[in-house]
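There are structures below to look over.
In what comes next, chain A is part of two complexes: it sits with chain B in the first one and with chain C in the second one.
The block that comes next holds the complex of A and B.
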């Protein structure tokens, strides 16, 4: 229990540090949101400076940071200049869309990677394993961007899938099962892109850990006791290989918010990706900081999640933690 | 009398090149024949890379030989399918060299020793625990340590656990694959005495694989010397020590310091 308290405390400090740094770095970037307005002859310099004062951009950095921290404490994440609304609800809607995409993709990728990796490890070095290794290696070197664009071209040519967006225009008129179907069709393409992008790495990790575990004499001993092959693979070898995979799972949970940004932008999925890109270009300061902080929160949360899983899965870690 | 284990003309080839179709095959076993009568110990001595462990894995049905026959109690185990093998496997058990990796690090001593019962679906749960504790007694592991995990045991104790696990299914043949090589001298002596004691009380048959002639002489009735995939000499222990015939045997004898000290003149023969 104390172990988790300590871990959580670490996480809070880390987030605090990240927020401070993002604030500092974004203050160091040249220009701000209102500089563009100054170039616009239709907006008077008085209006711009009034806006600057209204948004407190004239105040020194520590004061702004303190203000922002206060806002965070009240469940807000500052104010978006471009959307003229608080950042938190803005981010929330987009994060929800991103999560719908990435959670589906992550679960699908792991569900495929585990049996495929074990299957490959059981045939380590033989022809089927080599073919699979070659395939995953090839897929690994294909950049995400090329993959997403390729799928997009496929969708345009065949017309099987919609080429962007969250739902169809007539979504509100559809019945519940039709709505689900519509959402599924829109999800398909970006999900495929994400799965194909992450799958090769996962399969290779699973294959390597399981193959290593299969070499252990205690598995040979179990085989010597007459254990069925499938139970040896999934019951013993996979469990013996679990620790690095659990860490990897936590890490992939950590990239849920940040891993799909590129695919979202290319496939115009209304998630965090396009929003963050826009805000960075427009120097919409608090949206950017909010987005970075949210991604960071997930990364830290994902690692904490992995630690909890490890603690639950490995009795050795439990003993070591309670001994401290 | 029919021997418990009879191996005839066993061949095991591994592909040497990258491709399995490669013509350069590596012969790990190049026509090995041996037999062990029930209740006896055969020591298989040889340098590393001479094919000893491959032979062990073939006899334990963990590797399939390229050709040749392995007859256990008159049944040719090399021809059995996976389901038939599962019935034979309990009779032949292995103890490995490295005590650290031969025990599942996540399990307690009790879980490790009772695992074979779960695999073979023998006994009810309470009985399994009782049997496992009795096994711990047999190998002199204190019962109060039954809840500990392998990393809390010493090397010798780990090997005792591995032996207890091998005994669980009441095997006829135990293959000791360099089982003493990773241990200190004093611990080696303790474990080898334990092995002799278990042999006399359960009537076990051992295939003792080693590169240490002194240990082989201590444990075995017969010694077979292996060199490059072949058995080059196989005699009762006494004979082989007095008059080694093959070059490989003499080289191995010369490498056993404890033996040279006690019977110095024999080495020069």
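The block that comes next holds the complex of A and C.
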């Protein structure tokens, strides 16, 4: 129990630190949303300064930070100047779409990477393993941006997948199974891009750690006892190799979030990515801070999940935690 | 292949790649901003060896493209006049490496313009723009990596040398930077810097933003090295002789971190080239008419370009050989500095 408490405390500290950091950065900003407004001749200077006071941009930084923290405690994330609405509901819709994309991609990537890595490790150094290693090495040098754009061009030229948006225009008229199919079709392209971008790293790590575990004496003994091969690989070797892989799970959440930001913009998926880009260009301060913080929340959530998984999977951590 | 061989081979590959980009003026047939409004979105031209009558030519040649009747972006080969490809021709003036004025180009043609990779919306030669754009992207990556490594080395040495609360504070901040997804960090940093700036300022801004993102990992690695080095006998002896902190850091501790910094450089440079590409692609980086790999790709955000003009995607592929080269270099450097075989640990084997 104390283990979880400590991990949660660490997560809260991290979130707090990120919010402080982004606020500090924002204090260094040479311009803000109202500077652009001032250039607009239809808006009087009095209105602009009144708005500035209304949004408390004239107050010193610590006061603004305290106000913002207070708002966060009440479940709000400040106010969007450009949308003229609270930030939280704005972000929420987008975050749902981002989560749908990243969670699907993450599950899919791991579901493919685990058997593929184990399969490759079982044939360590032989022809199929070499072919797979070469393929993953090649994919590793193709950056996300290049991959996403390439896939998009492929989709446009073949017409296999729709090239943007969440659903088709006639979504409301479709029946429930058709709706699901439509959503899946739209999800396919960004998910493929994300999976292909993360898969090589995952496969390589699974392969390396399972191959290392396969070398251990206890597995040779198990083999000598005549335990079936599949049970040996998935029941024994994978379990012994789990520790670094679970840590990688938390880490891969971070790379996926970065990757999805880009993929969303490229493939016009209405997630956090396009919103964040838009608000950066519009100098919509609180939306940027909220978006960064929300992504941090996902990341921390993923890491916390990995920690819990680790606690469950690795008895060494359990004993170390209870000994304290 | 021995480790030393591997290292030199990857270095040669990288030097050659950078050489091509650095001497863009020579390898590019035209000036990157020279427009030809009559030929927008010209597709890549094909080089031929055999003409319509079945005659074999010694010199590769191409047919000039002309607009098809009643179309604004469909071209066809004008098979009446074959134009031979000429090597070492004289063309647009440029300065080699920004210093030596020259008009010599690797190849070109007389009588018609040759566009091996097609043209963009303004009829600018795509190959020339990719080569010149590489200068901006590579320079941003290299400068960004330099800033990051300087920052990382300074912070890492400070944290490792003066342990205690300073170490604690610096490492907690580093943890924050490590935890944030790098693209979000890049965005957040860019968000709070001015938007409307001149191209040169924009370039410097990109370098600063990229440079400030990645310092945490090198800083932690350097700190680890410093922690162990500062207790070594030769450092303690120097301190016993009354050497100052600065002297110790400069002459005894910093040289020990060199191998870590080198490896980090090989890992960071390609990442930062990509970071520049990403920022410019999204319109937050280097603006037109300067070309960089990122803003060359920005036209792909228009659906019509995506559908019809696939050669606008080619700048994206330019980064791939650089990625390969730097990854190979990084793994060769790591193999050299770590006694055990890296290949078995990570499964990374680029050869």
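FYI, the second predicted complex is superposed on the first by the 317 of 324 C-alpha atoms of A that agree within 3 Å, B and C clash if a C-alpha of one lies under 4 Å from a C-alpha of the other, contacts with A are read in each partner's own complex, and residues count from 1 in each chain.
In this text, contacts are C-beta pairs under 8 Å (C-beta built on N, C-alpha and C of every residue); 3 or more make two chains touch, one makes a residue touch a chain.
Given the structure is predicted, the values throughout are model-derived calculations rather than measurements.
After superposition on chain A, the partners chain B and chain C are seen to fit next to each other with no clash. In the superposed pair of complexes, A:189 makes contact with neither chain B nor chain C. The vertex angle at chain A, taken between the C-alpha centres of chain B and chain C once both structures are aligned on chain A, is 90 degrees to the nearest 10. After overlaying the two complexes on the shared chain, residue contacts for A:87 are found with neither chain B nor chain C. Contact with chain B, but none with chain C, is seen for A:224 once the two complexes are overlaid on the shared chain.
Which of chain B and chain C touches more residues of chain A is settled by the count: it is C.
Once chain A of one complex is fitted onto chain A of the other, the partner contacts of A:216 are limited to chain B, with no touch recorded for chain C. Once the two complexes are overlaid on the shared chain, A:141 sits against chain C while remaining clear of chain B. After superposing the two complexes on their shared chain, the closest approach between C-alpha atoms of chain B and chain C is 10 Å.
When the two complexes are superposed on chain A, none of the residues of chain A touches both chain B and chain C. Chain B contributes residues 20, 57, 60, 62, 82, 85-87, 89-90, 92-94, 96-98, 101-107, 115-116, 119-120, 149, 151, 162, 165-166, 168-169 to its touches with chain A in the complex.
Considering their complex, residues 126-127, 216-218, 220-229, 236, 239-240, 314-316, 319 of chain A touch chain B.
Those residues of chain C that touch chain A in the shared complex are 172-173, 175-176, 179-184, 187-195, 274, 277-278, 281-284, 297, 300-301, 303, 306-307, 310, 313, 316-317, 319-320, 323-324, 327, 344-350.
If you check the complex, the residues on chain A that touch chain C are 14, 17-18, 21-22, 25-26, 28-31, 133, 137, 140-143, 145-146, 149-150, 152-153, 156-157, 163, 204-205, 207-208, 211, 254-255, 257-259, 261-262, 265-266, 276-277, 279-281, 283, 288, 291-292, 295-296, 299-300.
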